[in-house]
Amino acid sequence: MPIGIAVVGAGYWGPNLVRNLYASQDFDLRWLCDLDQERAHRVADRYSGVRVTTEFEEVLADEGVEAVAIATPASTHAPIGRAALHAGRHVLLEKPLAASTEEAAELVRLADEYGRTLMCDHTFCYTPAVQYLRDLVAGGDLGDVLFVDSVRINLGLVQPDVDVFWDLAPHDLSILDFVLPGGLRPIGVAAHGADPIGAGVACLGYLSLPLPGGAIAGVHVNWLSPTKIRHMVIGGSRRTVVWDDLNPQQRISVYDRGVDLSPMGGVSADTKRKVNVSYRLGDMHAPALPEREALMGMVTEFAAAIRENRPPLTDGRGGQRVLEVLSAASRSQQAGGAFIDMGTRPMAVAQ
Amino acid sequence: MPIGIAVVGAGYWGPNLVRNLYASQDFDLRWLCDLDQERAHRVADRYSGVRVTTEFEEVLADEGVEAVAIATPASTHAPIGRAALHAGRHVLLEKPLAASTEEAAELVRLADEYGRTLMCDHTFCYTPAVQYLRDLVAGGDLGDVLFVDSVRINLGLVQPDVDVFWDLAPHDLSILDFVLPGGLRPIGVAAHGADPIGAGVACLGYLSLPLPGGAIAGVHVNWLSPTKIRHMVIGGSRRTVVWDDLNPQQRISVYDRGVDLSPMGGVSADTKRKVNVSYRLGDMHAPALPEREALMGMVTEFAAAIRENRPPLTDGRGGQRVLEVLSAASRSQQAGGAFIDMGTRPMAVAQ
Amino acid sequence: MPIGIAVVGAGYWGPNLVRNLYASQDFDLRWLCDLDQERAHRVADRYSGVRVTTEFEEVLADEGVEAVAIATPASTHAPIGRAALHAGRHVLLEKPLAASTEEAAELVRLADEYGRTLMCDHTFCYTPAVQYLRDLVAGGDLGDVLFVDSVRINLGLVQPDVDVFWDLAPHDLSILDFVLPGGLRPIGVAAHGADPIGAGVACLGYLSLPLPGGAIAGVHVNWLSPTKIRHMVIGGSRRTVVWDDLNPQQRISVYDRGVDLSPMGGVSADTKRKVNVSYRLGDMHAPALPEREALMGMVTEFAAAIRENRPPLTDGRGGQRVLEVLSAASRSQQAGGAFIDMGTRPMAVAQ
Amino acid sequence: MPIGIAVVGAGYWGPNLVRNLYASQDFDLRWLCDLDQERAHRVADRYSGVRVTTEFEEVLADEGVEAVAIATPASTHAPIGRAALHAGRHVLLEKPLAASTEEAAELVRLADEYGRTLMCDHTFCYTPAVQYLRDLVAGGDLGDVLFVDSVRINLGLVQPDVDVFWDLAPHDLSILDFVLPGGLRPIGVAAHGADPIGAGVACLGYLSLPLPGGAIAGVHVNWLSPTKIRHMVIGGSRRTVVWDDLNPQQRISVYDRGVDLSPMGGVSADTKRKVNVSYRLGDMHAPALPEREALMGMVTEFAAAIRENRPPLTDGRGGQRVLEVLSAASRSQQAGGAFIDMGTRPMAVAQ
């Protein structure tokens, strides 16, 4: 029995949601809601049985609608999502989950209260490469995560009202949240941005995220690079994986290499630590990855989470964690790159 | 008339200095001085006319010695260099220039007082690729420098008494000092290191160096990477250059690409800036670079600086600036990644 | 005034022609003709005003149809094209132009007789990269063409009724015909194919095509390669260009490198030639190429050729030349790799 | 007990042999023989106990000399090697083994008669990469060899008296001989060379070598390429290996990919074969290879072969097979690229 669903927002991303929800066996797409009726018709009229409305109340009045997928501007995520949750609907939200961490926390709380599924559409997490990364970490093949380095640079559209961190880093951060065991929970955040062209917002910058256990994640985002790089390294105590998303013939390379330390016998009274350093220079393994559309995987996971009454892989809390890091990054920037302590953030306490 | 010279230190780097100074037409290599006489003989005996001694005083007593090249451990640079300068000799020092910024400042001051040449052997600056980078910036082809990003990572020898910043970043920093107009003078330094394997020192880390005019330099150094990367991007307002030192067939790529901003006509009273963003997606140009040994270029520059009584391209002040950034990086690390202001550093005042 | 046109064939490639001809300002797409009426409707019904028929006579009876684009199986190219030309229509044919060189020659002859445009849809020739190659050769920047080496390999669909030469090499050969001054006119053809898996047809192979003036073209096609390579080098006496179609960031690289020979002065009576060999190790230049759909460029060229009453860039003679090389390759293979002399081929005589 | 040995020839390669034989525990290097006494002294005087002579007879008169390593011009290989074998010495010869296939056959025959070791210094076969290739084929991991494609191109020294096949292809052919089970025994040879710059010899060209069982090897050598490529693919029925010698971080990549054919059930009386084609798109594996000098491995193998009285891995017969292919390539070129049948070559009969 397919799940009745409505899409809100027919702009940039909405049509992709419509296409995939319509094609999915798991869903019965009933409505496309947008303030611009003509725009909504242009999208919906290709799919028989999908009604168009400009009134979200009309959607909520339809008892056949069990879930709502929201692809509107970020500032409207909270009011629409809140209304849907209050009306007992499951909610799928485009990223960022909300416009502030407070709003995000409220959405998470409401979903808990009403026992509804709250999911964030971190599409990249449903690509075969990122799924492989997650399995590799979860399966223990990497050992403990020692460091993550992520580079996402290219000549990009300089935007007037969002800086390069909010534009590009959500991808890196949502992937980190998806891949790291327990999600992305840095000890703190330091952000060093620069606006050398006078755009009014940071056009390139670096995030440093110390992780528990001595690990660290670094993110480099840049709109001014003449070359395009999409490169992430996850270093582990047993193996290290390199993900080069622009190399379709070898996106993932798993290296059986690393540095091992073992305490030396007969340590003297020196203050200096004595350790034996040994290297593993082992083989590299590049898995064959299937080709499939990430968005359909996301849609399928939303349905499964609703049916099994469990949090989806990219749940509201994940979206909230990403938002908290982005917010901390903005605060760090405002404080001239100061280190923002994340140790007492409410969410961590709440769990 | 060749310049009489002595080499102090027959360890790791000394033999390379001996070989190049001996082969140079500019120098008359007279002495190799090392506390370990046998080691000195093993190196010197291949070259006729090079005497060996364990006493530095014997070297200074030789009036034919006009210059001294010092390749001893960093902690001995200051005492040996000081003695040589007091004795009226020109001095070439391996990097780092000294063990502390105070010592470095003293050496610079002494060289000024005695009117002697003080040079730091930043060998990498004499490679064809780095010389090309310097000319590109100096000639105005890049326009203003907007950002620099430097990555130097590979499975490296974890060292007990020096962290990854002091081991690897001197290369990046000395190159920056060489290439940037006016040398490396960041507004501040933030260093985020991590020691996820319990080595006792940072094994990977990030330096963020805001530069005057809104630019920024970022450096990523890492001993734990399974792959080797030597990659520097210098973004300019007119062009951007990528240096990939591991691609001998195309080390340097100059991109005629970038983002241009121009104020929009008829700007309203809005607080938000209005700008026109335009892209240049121009050609790429990869120069043919000659193959030649960097060290001989360094030796030749030392002789030319002595003869022309001018500062060498990599002078003591450059070595001092590199040392100051490294010291600030250490302070930043000790302060949990805090931003260390460099605005009032003595050297900048002194000049 | 747009040119009335009909498309014949609604199979694999026909829909692409329909889409581009419909979108073009130059054409008025009036008919889609296919034996399978339902298939034709599925394609045509998205475009208003495009009628469907199963009878080619109905198309020819429409006096508004001035041109016919044929995307049917190769064996039917000649009868359909012949009928269209006899009926005074311009003809665009998918590659290969016909099923035999005799048929191809007849189509070329008919088009000449009736003064109609005959074009072969060598789509690849309308990509920005191949257009750049053609301009580079035509403009003299390369100097004389000394050699061409083309590699087109990947794990490919082994086909029961066409060998790897007929499947893949038409791309290389049509590009060569497009780029080489005067078209592809090899002195001879040798083909060395292999069928190591028992597929019944050659699954990989090499073509050697000596060109006038001592030059040579080599083509390597392979269905069994685990990696995908699309790589062509055109070596010239002044410069050499490398086209790597799988590197979207740098498809074209023009090298100012080469070998120069000059006779030595004072040559003795030795039988051995004395020459001075000198190398140019100059820079490399990678042009920024626009992104645009090749097929629309082809459609535009068809219209321009009709209007200007001139041969299109990829005319019937070009299609014929490609077919003659493929036919010679088959004969060479049947003769165990023997060299097939192309010196007396009728087409060359005819021109 | 080390084997007494003499080196003949102190030119380009001789000094490398001297250095490695002197350093080897397996050999006692007693003589360096060269017509140019001064040149011999310049090489030998660095090594104590190595005598110099201009008379090969003096070498043979020393009963302590059990083996002779010959690094003289190819035209002198046969007379020197013949004399050494007649005098009961083991012989190591630089490639090519001799100046003609007849001479090569005579050396092989003499070594058999006298029961001496005859080895050809195919140095490349002792690199870790080629050893890995050999093991991969020998161990059955690749399955049956289906094809080999080897590309060896770069801007090279155009030589007046040797064409590009004799200059570059010996590397590819000796590697093939080393890697293919049973050595390099093509059914025939076709060579297509070109001399587009008027050098008097072929400057680029293609070898096609059909192998037994339907396989084929192709070799592309080129002195005129502006880029350097060293790339070999060995396609097998189970796996395929790619060797990229210019990628030190990943020289060898083993792909678990390929095309499988299986006869379809219920084949009708059609003449056309019916087969099921299936693809394996499996993982890739890149082994970590040790770093070691190939020449020392060659020297060690020479000693082991002498001591164990067995043919060395690169024996005289291998050198002879390489020479026969090169000779056939020259004959093919002279015959305009005709296919030269190798089926009845004497060596194959002799074994």
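We call the chains A, B, C and D, going by the order they appear; numbering starts again at 1 in every chain.
Operating definition for what follows: a residue touches a chain if its C-beta (ideal position, glycine included) is under 8 Å from a C-beta of that chain, and two chains touch if they have at least 3 such contacts.
All figures in this text were calculated on a predicted structure; none of them were measured in a lab.
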*asked:* Going by the touch criterion stated earlier, list every chain that contacts chain C and also contacts chain D.
replied: A, B
_Farthest chain relative to chain D (centres taken as mean CA coordinates)_ = A
_Could you work out how far the Cα centre of chain B sits from that of chain C, in whole Å?_
54
*Please work out the Cα centroid separation of chain A and chain C, and write it as a whole number of Å.*
45
_For chain C, residues that touch 2 or more chains besides their own_ = 227, 253, 257, 281, 284
*In the complex with chain C, residue positions of chain D that touch it*: 144, 146-147, 149, 155, 157-158, 160-161, 188, 190, 192-200, 203-206, 208, 210, 213-216, 218, 220, 222-227, 233, 235, 237, 240, 242, 253, 255, 257-261, 272-275, 277, 279, 281, 284, 336-339
*Under the touch definition given earlier, write down the residues of chain A that touch chain D in their complex.*
250, 253, 256-257, 281-288
_chain A partner contacts - residues on chain C that touch it in the complex_ = 227-228, 249
